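Heads up: the structure comes next, in C-alpha cells.
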Amino acid sequence: MHLTLEFGGGLELLLEKSTKVHKVDCQPTMDGSEGGKATMKGLLSWVKSNLIKERPEMFIKGDSVRPGVLVLINDCDWELCGGLDAELEDKDVVVFISTLHGG
Amino acid sequence: MHLTLEFGGGLELLLEKSTKVHKVDCQPTMDGSEGGKATMKGLLSWVKSNLIKERPEMFIKGDSVRPGVLVLINDCDWELCGGLDAELEDKDVVVFISTLHGG
Amino acid sequence: EFVESGALPADMIYRYSRHLLLPDFGVEGQRKLSRSSVLVVGAGGLGSPVALYLAACGVGVLGIVDGDDVELNNLHRQIIHKEAYVGRSKVKSAADACRAINSSIKLVEHHHTLKPSNALEIVRKYDIVVDATDNLPTRYMISDCCVLLNKPLISGAALGLEGQLTVYHHNGSPCYRCLFPNPPPVAACQRCSDSGVLGVVPGVIGCLQALEAIKVATDVGEPLCGRMLLFDALSARIRIVKIRGSSPVCTICGEKSVFTQEEFQKFDYEKFTESPMSDKSTPSLSL
Amino acid sequence: EFVESGALPADMIYRYSRHLLLPDFGVEGQRKLSRSSVLVVGAGGLGSPVALYLAACGVGVLGIVDGDDVELNNLHRQIIHKEAYVGRSKVKSAADACRAINSSIKLVEHHHTLKPSNALEIVRKYDIVVDATDNLPTRYMISDCCVLLNKPLISGAALGLEGQLTVYHHNGSPCYRCLFPNPPPVAACQRCSDSGVLGVVPGVIGCLQALEAIKVATDVGEPLCGRMLLFDALSARIRIVKIRGSSPVCTICGEKSVFTQEEFQKFDYEKFTESPMSDKSTPSLSL
C-alpha cells in the first residue's frame, strides 16, 4: 500500500539525510503478507527496520513510540483511531512528531 | 452531489447569518439535471440563486466571479483546473475568497 | 475592576476603535478583555510577542513571570528587550516595554523563576495562563498547576525551524499529562541553547498564543482546544490536527485524580523529567 | 558591505549563536542575511513585527518607508510604536525601536508616502521588498514597481479576523496583476479604518512575512511562491493553497509586456482602483 510518512520535531534526524517526508510503498501487516490487516503496530515495526538509521530508542520504546512522540493518522491523534491497533488504508498520511519544549 | 463551499475575506457577509462554511447538496449542471457535467459555471449560478442574499454584484460579474475574488477547488486556484469549465466531483471543497488590502 | 460597566471611557473608544468596529468582537469583546487577567510565564522568544500583543490589545491585568536576566544572545528573537537592558531583569525589561505601548493596563512583575513552591500563589491571581517557557519540567509544572487551579493554559513551543501550539485544560481539552503521561528520554529534550532556533519562529507561535488568549478571554471564536497547530517554517507548512480530549484516567486531570496542592508543592519536576528548569548554559560553538 | 568575508566577528557569533547552531541555516545563512537589504513599505500593523524581527535577526540594511504619523488608535496593533511617539513620524518611531534592539544593522528612514514618482528610486536600492501597506492602489503600485526592477515581493494583508500572505514575482510566482488583472469594485475595498481589525491578526501575518523575507534573503527553505496562506483567526484555521504561476499574458510581468518605468511613473493608481492611497479617515463609531 502507498503511505505518506512524515517525521518532525527532530525525529527526522534519525532518518537518512534528515528527510521529513517519505512516500513509501509497504505492507505493514504483522507477517508482511498482502492479505493481512495493515496496522500501526505493523507500520512501527516496518519504519524501525526500513527508515530509522540511528538511535532507534529515540523512536521506539517497547512495541510503541517513545514517550513525547505524537502519532497522527490523517491529521488525527492515533489515540482516537485505535492506537497500535489502528488499521491503515491506502494513501493514508501518518505523522510522527516529537513534542518541542523550547521558546 | 455533496459539496463544501467556503466564503471568506468578507464574501461571507453576502450570505445568510454571514456563515462561512456551507455543506450543500446540489446538481450544479447547466440544466440542473443529474446526468450532466457539474461545472464551476453551473456552481456559480447555483450559488447566486441559492446562497447569495444581498448585493450579488459583489460576488458575480458577467458569468464569472467579480474581480478581486480568488476561487479554489480543493485548495488549488481554479485557473489551474479549467476556470469556469472546471468539472466538479462529489465531496469537492470550493473556496471563494475576496482579497484583503488592510494591514 | 478596570471598566466598571456600561459605556467604555472615551479614550478607550478611540484607542481600541479598530476592535470595536469588528462585528464578532465589538464593545463586549473589548470589555471582556479589559476585565481579564493573563499571566505570561517566560519573557523570552515566545513571551515577547505574547506580552506586547496582550498589552497592546488591552487586557486588564498582564502578569509576567521570569527569573532570568537579558543576554545579548537573546536579542535575535526576544524583540521585547532592548540592548540597553542587557544584564538586567527580563521581567522589568518586558514590563517597561509593555507600559510604553499601553499605560492604561495594569502590569505585574513577578521577578522569580516559577517553582512548585510559588506557582500556586502566583497563578491563582490570573484567569488565563500562557506557557512561554523553554524547558520540559516547567511545562509539566505549569500544566499541573493550571489543572489544580482550573485555569486554561495557552501552550506554545518553538525549536529550530518548527513550532507547536495548543490550548490545554479548557472546554474538554487534555492537560499536558493526558498527552504525555511519561516524560521523553533526556536525549530528546533539546533546547534553543543546544539546537538553535530561527528568531521569527517563536514570533509566529507567540502571536498565535496571544490570539488564543484573546479568544479564551473574550469567548469569541473557536480556541485550539482538542486541536494542535504544527508549524514548519522551512516548508511554510502549517497543519492543524485533532488530538485526544481530557483522559478519564489521567493522574492529574482525570476523574479519579488524587493529586493535591500539597503534593504539587513537593513534586520534583526536575527529577521527574531528569532535566533542569533553568536554561542558562552557553552554547559551545566552534566556527 | 557589513561582513566582508570569512569568519563572522566575535560579537556577531555571540548575538546570533542560536541561528548559527541551526544546521539548515548556520554561518552561511547569517552571512547572507547580513549582506541583504530589505525595504518594508508601511510601518503599521504588518510592518511592526516585520521591522522588529528583521532588525533582530540581523539583515544588513533595513529600509522603512511610511509618510504617516503615529496615532493613538494605531497602538492596539502597531506594537513598534510607543505612546510617547503619538503625533510623530511612524518611520522615525519604527527606526528608533529597531535601533534599540539591534544597533549593529543599518537602518534607513524614508519619511515619504511611496508614490509612482519616488518608488523606483527607493525600491532600486533594496534586494527584497515587503508590502505591509493598507490600501489597494499602493499594492498594485508596489507590485508593478517590483516587476520593473525585478525584486521579490513579500506581500501580506490583514482585515477583520483574517489574513493573507504570498510571495510575488519570485521563482516563477505571479505578480499582483497576474492574480488580479482588474481591480475590484470600490465597495469591496474595505480598510482597517472602515471594518476594524483584531490587533494580533496583522501580528501573525507580519511575523510570517518576516520569515518569508529571511527565507528569500538566505535561500533557505521553500518560500511561499505560487502558494498563498489564508488565515482565519476566529476558527484558528490556516489553509495554504496552490495559486497560478506568472501569466504569459500579464500586461506587467508577461513576455509581451511593454510597460516601462516612464509609464509607471505616470500611472494613476488611485484612478485605476478608484480608491485613495492614504487611509487617514477616522471611523465614525456610535456606541
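To keep things simple, chains are lettered A, B, C and D as they appear, and every chain counts its residues starting from 1.
Here is the rule we use: a residue touches a chain if its C-beta (ideal position, glycine included) is under 8 Å from a C-beta of that chain, and two chains touch if they have at least 3 such contacts.
It should be emphasised that the depicted structure is a prediction, and the values quoted were computed from it without experimental measurement.
Visitor: Based only on mean CA positions, could you tell me how far chain B sits from chain C in angstrom?
Guide: 39
Visitor: Could you grab the centroid distance between chain A and chain B? Build each centroid from C-alpha atoms only and quote it in angstrom.
Guide: 38
Visitor: Roughly how far is chain B from chain D, going centre to centre by Cα mean, in whole Å?
Guide: 30
Visitor: Would you pick out the residues of chain C that each touch at least 2 other chains?
Guide: Correct list: 160, 192, 195, 197, 235, 240.
Visitor: Using the contact definition from the top, classify how the chains connect: line, ring, star, complete or other.
Guide: Graph shape, chains as nodes and touching pairs as edges: a line.
Visitor: Just spell out which pairs of chains touch, all of them.
Guide: According to the stated criterion, the contacting chain pairs are A-C, B-D, C-D.
Visitor: Enumerate the contact residues on chain C facing chain A in the complex.
Guide: Per the stated touch rule, the residues are 42, 44-47, 132-136, 139, 156-160, 162-164, 179-185, 187-192, 195, 197, 202, 228, 230, 232, 235, 239-244.
Visitor: If you look only at chain A, which of its residues touch chain C in the complex?
Guide: 8-10, 20, 55, 57-58, 66-70, 72, 75-77, 79-80, 95, 97-103
Visitor: Which chain C residues qualify as touching chain D in the complex?
Guide: Touch residues, chain C against chain D: 7-8, 11, 13-22, 24-25, 27, 49, 52-53, 56-58, 72-73, 75-79, 81-84, 100-103, 160-161, 192-201, 203-204, 207-208, 210-212, 214-215, 220-224, 227, 229, 233-238, 240, 282-283, 285, 287.
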